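Across the two complexes that follow, subunit A remains constant while its partner is subunit B and subsequently subunit C.
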Partner chain A sequence: MATLTKQQIGTVLAKQGILIAFAIFMIVFTIANPKFLTMDNLFSVVRSSAILGIMALGVTFVVISGNLDLSVGSMMSFSTIVVLDLHDELGPLLAIPAMFGMTLCLGAFIGFLVGYLRLNSLIVTLGMLSAIHGLTLTYSGGQNMDIADKEGTWFSIFGQGSALGIPMPILIFLGLAAILGIILSKTPFGRKIYAVGGNGTAATFSGIRRARTVFACYLISAFCVATAGLIQASRSLGSQNTVGQGMELEVLAAVILGGASLLGGSGTIFKTVIGVLILGFIQNGLLIMGLEFYVQYVVTWVIIILAVWLDIAAKRGKLWSSIA
Partner chain B sequence: MKTTLTAALVASTTLTGTAMAGSHSDTMTIGITQNNVGVDSYQTTYEKAFIAAAEANDMVETVVLDAGGDVARQIAQMEDLIQQEVDAIIIWPTNGEAVIPAVRKAHQADIPVIVTNSNIAEQGFDFVSSFSGPDNITQGKRSAEIMCDKFKDMGIEDEAKVVHITGQPGYTTAIERAKGFDDRLPEVCPNVEQIDKQPGDWNREKSQQVMEAFLVKYDDIDGVYAGDDNMGVGALNAAKAAGRDGIIFVGATNFAVGYEAMQDGDYWGSIYQSPVDDAEAALKTAIDVLNGEEVPFLNYFDTPKITQENQDEYDKPVF
Partner chain C sequence: MTGKTPVLRLENIVKTFPGVRALDGVSLSILPGEVHALMGENGAGKSTLMKVLGGIHQPNEGQIIVAEEPTVMSGPLDAKAKGIVFIHQELSLAEELSVAENIYLGELPRKSFGRVDWTTLAEKTNAILKKLNVGFDAGTRVGDLSIANQQMVEIARALTVDAKAVIFDEPTASLTDAEKVVLFEVIADLQSQGVGIAYISHRMEEIFKITDRISVLRDGQYQGTLNTAETNEEGVTQMMIGRKLDLSRNVSHHELGDVALEVRGLSCGDLYSDVSFEVRRGEVVGFYGLVGAGRTEIAETLFGLRDPSAGTILIDGQEVKIHSPYDAIERGISLVPEDRKGQGLVLGMNCRDNMTLPQVDDLKAGPFVSDGAEIAIFDQYRDKLDIRTPGWKQTVGNLSGGNQQKIVIGKWLSMHPNVLIVDEPTRGIDVGSKAEIHNLLRDLAAQGYAVIVISSEMPEVLHVADRIVAMYSGRVMRTFTSEEVTEENLIAAISGLGGDQAA
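And then the complex of A and B:
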């Protein structure tokens, strides 16, 4: 250890600023209330973060490709309502692929507008946020969806089941993170996404089909949303049609917190997972500390900004910079 | 959307009807601008019940409009209704403050305004004939009584500990129910301790997360009060998943999921608030005002207690 030079420590810090922030929060919360660091609590936080987390995995792809996806919240409501409704109409075995198909169609539509028509992704997905919400309300006629026979269906395994003592939502989240992480970092397709997001024009001139890459990112995002909707539906076997409302901003916060750049071209799945966990543990930690909720609103965002600052400061090696 | 279209058609025929009939007082035309039909089951059912109640009454013609949650659209609809010279206007405010100027305009045009379901802000009260809706403070109080009575049955009224999950911060309904519960519980069960209170934002998933944190934090929880059944069932799911039995769950606004959980014996009680009663009360209040009858300013419709013991007396809610 003594052989580590100051510079080497600096390099490690620069790469793992967000991990260090994460570790600090965990320690502070545990000191505040030892119950924070119990297996039950850890599982329950990761399990409830899994839905947000899975959506964040897909949005990471979109953000790295240099675009935004603000439609994921209302798209998740859509998937949840559709799969619950079809569960009673067609049975779970058909309902799940049908719901995935419909959600992927939405993703393909957005991918077409942003990728092939080259429309601004902020406007397109902001519009789709409202449009899909309207679609969900029309589909459900404003009614809550509930599965009629809650006891007699195997559909609950995705949200309530567990394997090897680990809850299913966590397994799905981590499994998907592993697969998508490999796709992003180890395949030519992954490198194309970074190239398109980093410098789209240069990527085009290097022979990368930009439209197709962006289109694929939105398909991946829609697939993640459908998976999140499946878990959501399976977890409570019933839902309001506004279940995903507002989640798009939390998802984006987690992705950015993980260090992905809104300008595209940077970010990793691993760091997004850390971003998701930080958000989840902050909310849970403050609840367990028993702070008033209005204090929680403030503290949550103070912590997030602190984390982003730590991350940036570690990257540039000092706490502030006079030349921005 | 379909209902809005038909409503618009009804509206235009109603208008010609009124115009031909002149200003006779045999039939009265009542306009309603609703908050956001289609956004939830309660509002959807309310609209259906309102139209049905109006159709059943030969004396009443209605113009049924929906603001789609949009304040600007609701203000425009108020102005339309004033232009159409309806006899009375019922408004389900999209925003308790922003609609006041429009309400004032109707008042100045001598059109009585009835506020339904959730009241407008106090500075607008002078322009309103009556408010028809649920009494949320009483609902909170009744939930406290339901919980206390159950603790007494179980003989734990001197040691029980309660956690409280409120609706969305800032919403009048959430604030009033929480106040009613907080005030009443120490009156009826002075030794029951409320150990924590956090918002569940009217959201089942959020409430489930809050309850999960409570279960980790407190080894001993005897009762949960949630500001509506949707959140109550979320909390119940969390307790079931954690294998914590014997907790008494009390909610408000009995939802179908809450009603079913009561049938299953998992959920103890709630407050029965029917959108049908809500809609019928609003229409009746408007008719009474037009007939010159004495109507209290706060004209509450009754929202009774419902528990596992008496739920057979009530139909399962449609939402």
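And then the complex of A and C:
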């Protein structure tokens, strides 16, 4: 095809729209404020995106399986509070596995409701968003949680340490992304997730145990949330009950931005990582421009809408359909 | 009929998609007052041609000419405005609305303040319904109508505009014989009013009953147009598939093996009761009966989708309990389901991944899925089943019905099942692929597979089955061997007449 037709250009635009918009965005921000494109700033974006990014990795599994997870924000608050509390009660060595265990139980509960009882994931996880928040408040008695001896613990290594000059959160994010990416794209389990999300009935008719697959996706999501909570707790060594509040939407924005379809059956870990970075740079750009951080809330929503729109536009090959 | 100006003419239409030349220089003309059949195997380009005509796709080359005026169709509404109307196989009616509302949807007559003028609406609608001579009126809720009558509503909708050409896409797919007669009367009526009719169907008998001319497509290319009166089924089939078709009765001559599957007194609520039969390796057992006779439900039970209320299932003489498709597959029972797109395939996945899906756990190199093993299986069954696809990366949703069905069959064959159950093996599949699939099923039996074929097409069961289990209302009426069976005694058995109780 030597010459591109108008329609083909349209399709390319729609498919790569997010990347193109991102490139324009980067250029505008760099011109507006040269600080934007410095190594220091780039590094700080990736570091501040790591916690969100780790949660997005797990949610990618859930979304590909054709479900949603809106509980990750309040679940992350839960993990953070629990691990901080247990740190002083049991010591870090026992606190960490105990917190992982408790968070995984929450994930298993959601996985049971959505996978085995086949309840709608939007309702289940929206409810869990609220229920886990209540659980966290009950656990903490509404108090902020702080580690007593902030200087004398090795617990800070996950949030504040570094190896080879790279901050720990980034290493954990990229390491987890690599492992989960391989699981999703290379293993039979990963293939089954795509099948279940693409057509659950046909997957069942091919002998795939759908409930088990969905259950496992929520466990993975909970594992990622626990990891994110660990880093969050380790970074600040103290936390409010609401530390993860609102993150479920940002996480979802990053996943959709990466191109996973909310209908299930498509998306990759690599694309989610890209989505996380794009979101991080946009939020950072806005801050550098001097806008208040709460503008982010509006921007996150705009990005979700834009991403969903472009996804649909790419599928039908034009920006709007005449058959509305 | 020569000398008339065609109501609709297509000239040298070319439509390409990435990697595929879906239409390759198709020309066609529809004269006023004729019924013009459009035939071709699945994947021959009929649907694409209709989409070009309806403005859903724009052709890369060629022209659409309506009443001698070259036209560009911008969409289905535009096509309708230009007098080209489609009656689709899948109906698009709002079930909760009345007949009148459906017919005039979007253009309801109005009174002041935008209120609907119900009186005029009813009058206009009843006038059209009278022309169609149907037994319902403007106020009937569409959801209460039979499929056939719903189709009449679609036709009525077509008649609200000054239709020059009406295109029927497989209109009789879900109609009973009596309903077909009414449809054909309506078509004859339209014909006498000078409307040109394009008629897409796989059913030869209808084609020869009602059409004047037959145009054939093959692999996106126009093969020619025949006068119906001057040709026969064989001629058309040959044109469609480019070779001769053997439709003779198959009878197996190979030795039968052990009993692979035995079912004793199986019951499932009031869906079916006390069903017993056995299937040996090397034979095809056909299940024949009317819709609702319980055939599909038996298959679903064997495949673990329904739990039986009584009875036993034995595989190789061992009693087994099957509670899920996973269990069934473990025991070597495979099901090619009736609803290919909904149950058989993940349409958004590629060909290879669909084919290897049930055994993906066993195709490992270390902890990972082995690309090489998967491609080897795909290649083997693509060649064996003659699946036509540009490559394994092709998304299954882009294949024709026949090729999709072969992917589903390949999916199970590659696992060497003890029992292969095929529910409606050729539903929505064209003549050429149909014969291929029939031969394939026979070959499988010859290779020692135990095969169950469920079908609502009598020629199909007669053609492929060594024994036929006739069902009526959830019961096995009689089991025929291929020597005993005749069309007459089979019909008698499935209608609940005569027939000895279970053999």
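Of note:
The working rule: the second predicted complex is superposed on the first by the 266 of 324 C-alpha atoms of A that agree within 3 Å, B and C clash if a C-alpha of one lies under 4 Å from a C-alpha of the other, contacts with A are read in each partner's own complex, and residues count from 1 in each chain.
As a working rule, a residue touches a chain if its C-beta (ideal position, glycine included) is under 8 Å from a C-beta of that chain, and two chains touch if they have at least 3 such contacts.
Model, not experiment: these values are computed from the prediction.
Of the two partner chains placed by superposition, only subunit C is touched by A:266; subunit B is not. Using the contact criterion defined above for the overlaid structures, shared-chain residue A:188 touches subunit C, although it does not reach subunit B.
After superposition on the shared chain, subunit A has more residues touched by B, the comparison being subunit B against subunit C.
When the shared chain is aligned, subunit B comes close enough to touch A:239, but subunit C does not.
Looking at the shared chain after the overlay, A:127 reaches neither subunit B nor subunit C. In the superposition on chain A, contact is made by A:290 with subunit B only, not with subunit C. On subunit B, the positions that touch subunit A within their shared complex are 1, 37-41, 43-44, 169, 196, 198-199, 203-205, 208-210, 212-214, 216-217, 230, 233-234, 237, 241-242, 255-257, 319. Against subunit B, in their complex, subunit A makes its touches with residues 33, 35-36, 38, 40-41, 44, 48, 51, 137-138, 141-144, 146, 160, 232, 235-236, 238-243, 283-284, 287-288, 290, 293-294.
Those residues of subunit A that touch subunit C in the shared complex are 182, 186-188, 191-192, 194-195, 198-199, 201-209, 265-266, 322-323. Every residue of subunit C that touches subunit A in the complex is listed here, in rising order: 75, 303, 324-326, 328-330, 335, 337, 342-349, 353, 357-358, 360-361, 363-364, 367-369, 411.
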